[in-house]
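In what follows, subunit A forms one complex with subunit B and a second complex with subunit C.
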Partner chain A sequence: MSMRQLWEGADGKDWLKKLNGRTKLLFIFFFAILMITVDNPRTLFYLFTLTLLLHVLAGTSIYKWKVLAVLLLLGLWGSMFSQALFFAQTPRTPLFTIIASDYGFLGSLTGGLYVYREGIIYGAVQGLRAAGMLALGLLVCWSSDPRQLLQALLAWRLSPQLAFMLVTAIRFLPVLAAETGEVIIALQLRSDSKNGRTAIVRHLPYIIKPLLARCLRRAQTLALSVVSRGFFLASANKQKEEWLLREQVCCWGLFLFTLIIVSSKILYLLSEQGLYFGFLRKIYDWTIMFL
Partner chain B sequence: MLEIKNLCYRYQSRNTFTLRNINLHLADGEMLLLAGRSGCGKSTLIKAISGLLGSDGFGEIKGQIFLNGEDVTHWAADQIGCLVGTVYQSPDDQLFAMTAADEVGFALENQGKAPEFIRQQVRETMALVGLAGFEDYSIHKLSGGQRQRLALASILITKPRLLILDEPVSQMNPQGVQSFLQLLVRLNKQEGIAILMIEHRVNELCKFFSRLAVMREGEIIYDGSMANAWYILTDKQDVGVREPQSIKLCRALALPRLTIDSIDVVGMIKEKCVLLSKIKKEHPAQQKKAPLLKVEHVSFTYPTNTKATLKDISFEVHPGEIVGLMGFNGAGKSTLMNLLGGLTSTENGKIFLDTLNIKEALGKIGYLRQEADLMLLADTVREELCWQNSVITADELKLLLKKLNLESYQEDFPLALSKGQRLRVVLGAMLAKKPALLLLDEPTTGQDEQSLSEIKQLLLDYKNAGGSVLICTHDVELAAEVTERVIVLRQGKVLIDQATNFVLSNEALLKAGGLTPSPLLPICSQLNIPPCVTVKEVQRYVHATAMGGR
Partner chain C sequence: MNKVKGYLAISILILSWCALYWLTGSRTPWNSFSSIRHEEGVTVYLGDIPTQNYDRMGFTKAVVRYTSAENGWIVGTERGELFLFNHEGRQLWKRNLGIGKLISLCITNDGKLAVVGEQSPEGNLYGVNIHTGDILWQYKSSDYVGSDVSQRSYPSVVHIVADKDSNIYANTYRFLMRKDGVRAYTGRMLAVSKEGKMLWQFPKNEAIDSWINWCDVNDKNNRVVISTSAYDFRTDMTYKDTMYFIDKNDGRFLNSTFVPSVPPFDNTVMRGSPNFSADGEVLAASCSDGRGFLFDKQGKILWQRTISQPTQIDGAWINASGRDGFATPYGIIFTTINTYNRENWQLPTPMEHPGNNSIFVFNRDGTFRYQYRADGTMEELSFVDSLAVCAVGRNVRTHDYGAHGALVIDLRNGQKRAFFHTEGPLQAIAVNRDGSQIAGIEAPAVTPQGKIIGAYRLHIWKNKF
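Let's look at the complex of A and B:
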């Protein structure tokens, strides 16, 4: 599978591809609110697992699973590791010491370097939030035609120009991915050393300019192309894609669920500030336990 | 259909007018080829016709544009889009949807047509451009030529009466060009669609168009029949139009008429010139030096393929030699170039550069890939030539800038230069590193005649200084003029590795390698002289004794 195929939105099983763009966007939106609201590592883990389950149900290809795994593991590991080392809040419990505070110059310079238990948990929470959204975002990206998302945004009366700009980013993902590889190859070829011919990381600082220049040109041509095909003029007359009732019901269900979760969390936070109501005690307990 | 009267346009950021006093008339069902150097205003003219300039209110527009008798000078692009369809150079940049059918149906969706009607129209339009059965294909799975046809279908579905094409074949191989042009001619004849096409490769397209317009510095300097164009352009060799070789021959022999008709050319030569059946060899065969590049029994299979892309390839390139690498798309040319450039590793076989394994000698190889723009990364031309370069001195840099004809642009931003200039900057950056071997992958794609001449001269200078070049190209004329030897690949194997004249004059070989024969070959055949592939070669057998009466 090429870099271009990796990012194109033609993957996934039919049930997912046929979902209305509005359903997909609403699902991402409510899921994002849930991920922000929930602080409990276990619940976050369940939510994250749900996104992976959706990938299984969508029939994500093995190659894309590998890419997803690398991105998720790097994100989770990076978040947990950095927070474990640099967690600044209290209380914090050192699990083990990397550099003791009395270890010569390095010790006096750093004041000691420890791995904190609370840091690992905090890092895991942040990492799971990011990982869950990344997994869900990629699922939508890999299973959606840009036109589908464009129609969804237009159905919500977003300005056609703005909707087009938002969706163009997705349209260009496959091309951009392929072109990034091309630019790196080009930079390798411009290099005068044997190492430079095979290196990737050392060329990364230089990829922005050629890539940006190409993107601007491409975006201009694409805009001209869609304009001349009557995209902006006739957007109001467009046949709106049918939004099935069962999808609407699902979205309403998810909305109500999100509303309940957010309300519970707000009530709990208010109780912590002194606005406590006895009859809501079960909700407070439930929030502490799961959220 | 289209009438342009005294059109002038000035971009807001410029002091001078980019379009100056343009007058153009295109009748219903007419085909017009518009040519001119990069930056002469062709694309601006297309934008003006498509409604992208008159409605934005930023620049200054004078004059009028009429479509079907209506003044559309200040119409919005989407209104004009109902009458005029525009296809751009790169299909990748203009396709929006993910599947072919969605792409073709996009314009009708915007018009609010019923889904069943759209499906039917999509089927019909895709069949019209030869893409029936590809409806559910991802656009990325189509070949370059198929994507360009798809771009055309996405426009044709709105049934425009005027089709504007901005260099749509500049990235295609000769077969792709012929096939695409045949499709356009069919559309023109069957559907009566007027066609306005921009392209430098007039030499390849002249047989499809009866009318040519040429632009220079924002003005139309010629608008008339293709047959008469060559006379008018005689003293205007700086307009970037690539003439057919037969016209160049007529010019070189000072024949009374400039024509692409080989029978007419032969008649004039027989009447006006002296034919020599034998000639002295001008250059005695030079003793060959030890090879610089040695490729021995190289095979290569991509990890995802079961079939080998390269099979037992062996050849040599000597110092001071320019060798052409030619063949069908998919013959393995780019794979071979990537192996030589060190981007992939050989599976079987060995590649040596100056006795060193190729992997140890990568610093001595310059490799210019087809998308030269991607190699530009600095803020100025000067910086670009010196980037990661420890061998070039200030004097050498000055000389190189002069050779590249970029002295006055040395402080300019490279990506803002014209297409030809950008290519010369990248080529200059390669030459600045003084490589022993230069690998060029389709370096002349989309270049006008002047750019092409400048690039040819650079290569010949480099060769005369002892450099070696392996150039991958579909351009038979270019290969004939600069290479000494041609290697033709077919299905991953070397079909032939012989002197350029031998390969390019053998029509069976050319056909087998997917190459277009030079128009000089039938002329030589009818004159009973040995086959020649360049005008200079023909001139060795034909002397212009009588000056023509042009």
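Let's look at the complex of A and C:
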């Protein structure tokens, strides 16, 4: 699979590809709100698991699973390791010592380096938030034609110029990846260096100029084609994709669910600031337990 | 090779998913770092607070009481937060009562109302519904004893007691060090019904010009007693006596008792006593100068004992202050705290007074039964049947950190029945009705070596004895 194919939205099962762009965008929006609102590690874990299940149901190819796995692992374990080492809140319980505080110069310099139990959990929570959004974002990216998203944005009466620029930005990512690959190959051929990671790293400082030049050239072509096809004419925007009722109902359901979650959380936070109402005790209780 | 790496990544992702399932296993609230279960019970973190130096005089406070109506624990913190926890450490509700430190707490006889006192620019007294957490009524003690924020002279509700009808009696006071070095005290007792109606104030038209740290009420003799605890004594003071007795029904002054001071002290100071016996016939009190007293209900001295004799060493008076006094069915109990150098309370004392950090138990006729000496200060005592449950806090002389924890003593013979160690000093304690559960609050401290020990957390222990 080429670099460009990897990032393009042509993969996945039909049911997902046929979903309206509005449904996909709303789902990702409400899901993002949920991931930010929820603090409970177990609930965050379930939300993250849901995104992985969606990948399974969407029939994400094995090659993309590998990429997804690498990205998720980097985010999750990076967050957990960094927080485990540098967790600054209390209480913090050292699980084991990397550098003891009385270990010579390093010990006195660092004041001791420990792996803190609470830091691992804190890092896991932050990592799960990022991983959940990354997995869902990639799912939408891999299963959506940019035209779907463009039509969704236009259906919400977003200015065509803005909508076009947004979708172009998404579309541009796989293009940029492919262009980078081509530039690196060209640099390798010219320098007669061998393939491999070291050769790529050696050429990285020199890819900016050719990449920028190619991007500018591509942007100019794009602008000309957009103008010549009359993309921004009012008549061009009249074709709207049908948004099925069952998808709309699902979106309303998710909206209500998100609203309930956010309201519960806000009520609980207000209670902590003094706006406490005894008859809402069950809601506070529920919020503490699950959110 | 790339294929192997890819499958390896997927395998690690699956293993990570399993690890995360295990890591996120606790369903308790994340933002309080969850409660930690262990063999002895459960520990709940109460939030971040400024960590105090181990050796300082005033230290981190917290309050905890058992509520029978909800079969749980009401906890008040220095962060101004009030909680209801069950025995498993699950938070049933939490209230943020503002910027004040919650320093006193009393549960009414029916177990349905928690009365909480705070130290803050307003010094509020709150009546809180224990089931719902709703504030039913509140009074500002600044309306009764004033407030001077510019001088950091904040009013405090320092001690609260309730009678069997759930009427509340609360000591409020404010302290100010004047520029000329003279200490100014303003104190007043407020009596409030459980519905929040002000019953009376004592004194009615003025404030007590002394420190009033303690009070008690008894239903058998219908009396309320207030003790004074100002260390300095001036002839121009209006309220010079040691104890004032008031009619609990109408706030009428009945009589007062003056206990003469002993050298090197200027005044007789009662900080954590007196307390009536259940039958209301006697009153036990311990004084900072190291004397323990048993009074009759009128305040007449029945007997006195010296439990900690101040001793002059190299020109400096060394003593272990007496603090609590209880008249229980298992004896008259007095307690002492750490050893201090009277010339300068902040200076370390190189030795321990033999009577420090102890409880002394006497028969009602005044015969000595035993002394139990702990390794740290008994910060608070709670009683159930024949057991005394003690919060053992700091020992500023020996810095014995192993002393911290909850100590259970059998009052019949003075034997230690159980000890639950905590890393930091234990500052507050309570026990449930059958003695099967003990709750204590640990505070963090900075040791002289700069190390932080302990954390601000609630422990709920299963007492198997």
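Annotations
Criterion: the second predicted complex is superposed on the first by the 265 of 291 C-alpha atoms of A that agree within 3 Å, B and C clash if a C-alpha of one lies under 4 Å from a C-alpha of the other, contacts with A are read in each partner's own complex, and residues count from 1 in each chain.
One rule holds for everything that comes next: a contact is a pair of C-beta atoms (placed from the backbone, for glycine too) under 8 Å apart; a residue touches a chain by one contact, two chains touch by 3 or more.
Bear in mind that the values here come from a model prediction, so they are computed numbers and not experimental data.
In the superposed model, A:R218 makes contact with subunit B only, not with subunit C. Contacts of A:A177 after superposition on the shared chain: neither subunit B nor subunit C is touched. When both complexes are overlaid on chain A, the residue A:I120 reaches subunit C alone and has no touch with subunit B. By the document's definition of touching, of the two partners only subunit C reaches A:P91; subunit B does not. In the overlay built on the shared chain, the residue A:V227 is in contact with subunit B alone; subunit C does not reach it. In the overlay built on the shared chain, the residue A:P210 is in contact with subunit B alone; subunit C does not reach it.
Contact with subunit B, but none with subunit C, is seen for A:Q188 once the two complexes are overlaid on the shared chain. When both complexes are overlaid on chain A, the residue A:R42 reaches subunit C alone and has no touch with subunit B. With both structures placed on the common chain, the touch criterion links A:Y63 to subunit C but leaves subunit B unconnected. Touching of subunit A by both subunit B and subunit C, each in its own complex, is seen for no residue at all.
Against subunit A, in their complex, subunit B makes its touches with residues 47, 50-52, 76-82, 84-86, 88, 90, 92-99, 102, 106-107, 109-115, 138, 140, 151, 154-155, 158, 304, 341-343, 359-360, 362-363, 366-369, 371, 373-377, 387-391, 415, 429, 433.
Only residues 1, 4-5, 8-10, 145-147, 171, 174-175, 179, 182-183, 185-194, 196-198, 206, 209-210, 213-214, 217-218, 221-222, 224-235, 237-239 of subunit A touch subunit B when the two sit together in their complex. Only residues 5-7, 9-10, 12-13, 16-17, 20-21, 23-31, 33-34, 45, 48, 91-98, 129, 131-135, 444, 452, 455, 457 of subunit C touch subunit A when the two sit together in their complex. Within the complex, the subunit A residues that touch subunit C are 39-42, 44-45, 48-49, 52, 62-63, 65-66, 68-70, 72-73, 76-77, 89-91, 118, 120-121, 124-125, 128, 271-274, 276-279, 281, 284-285, 288-290.
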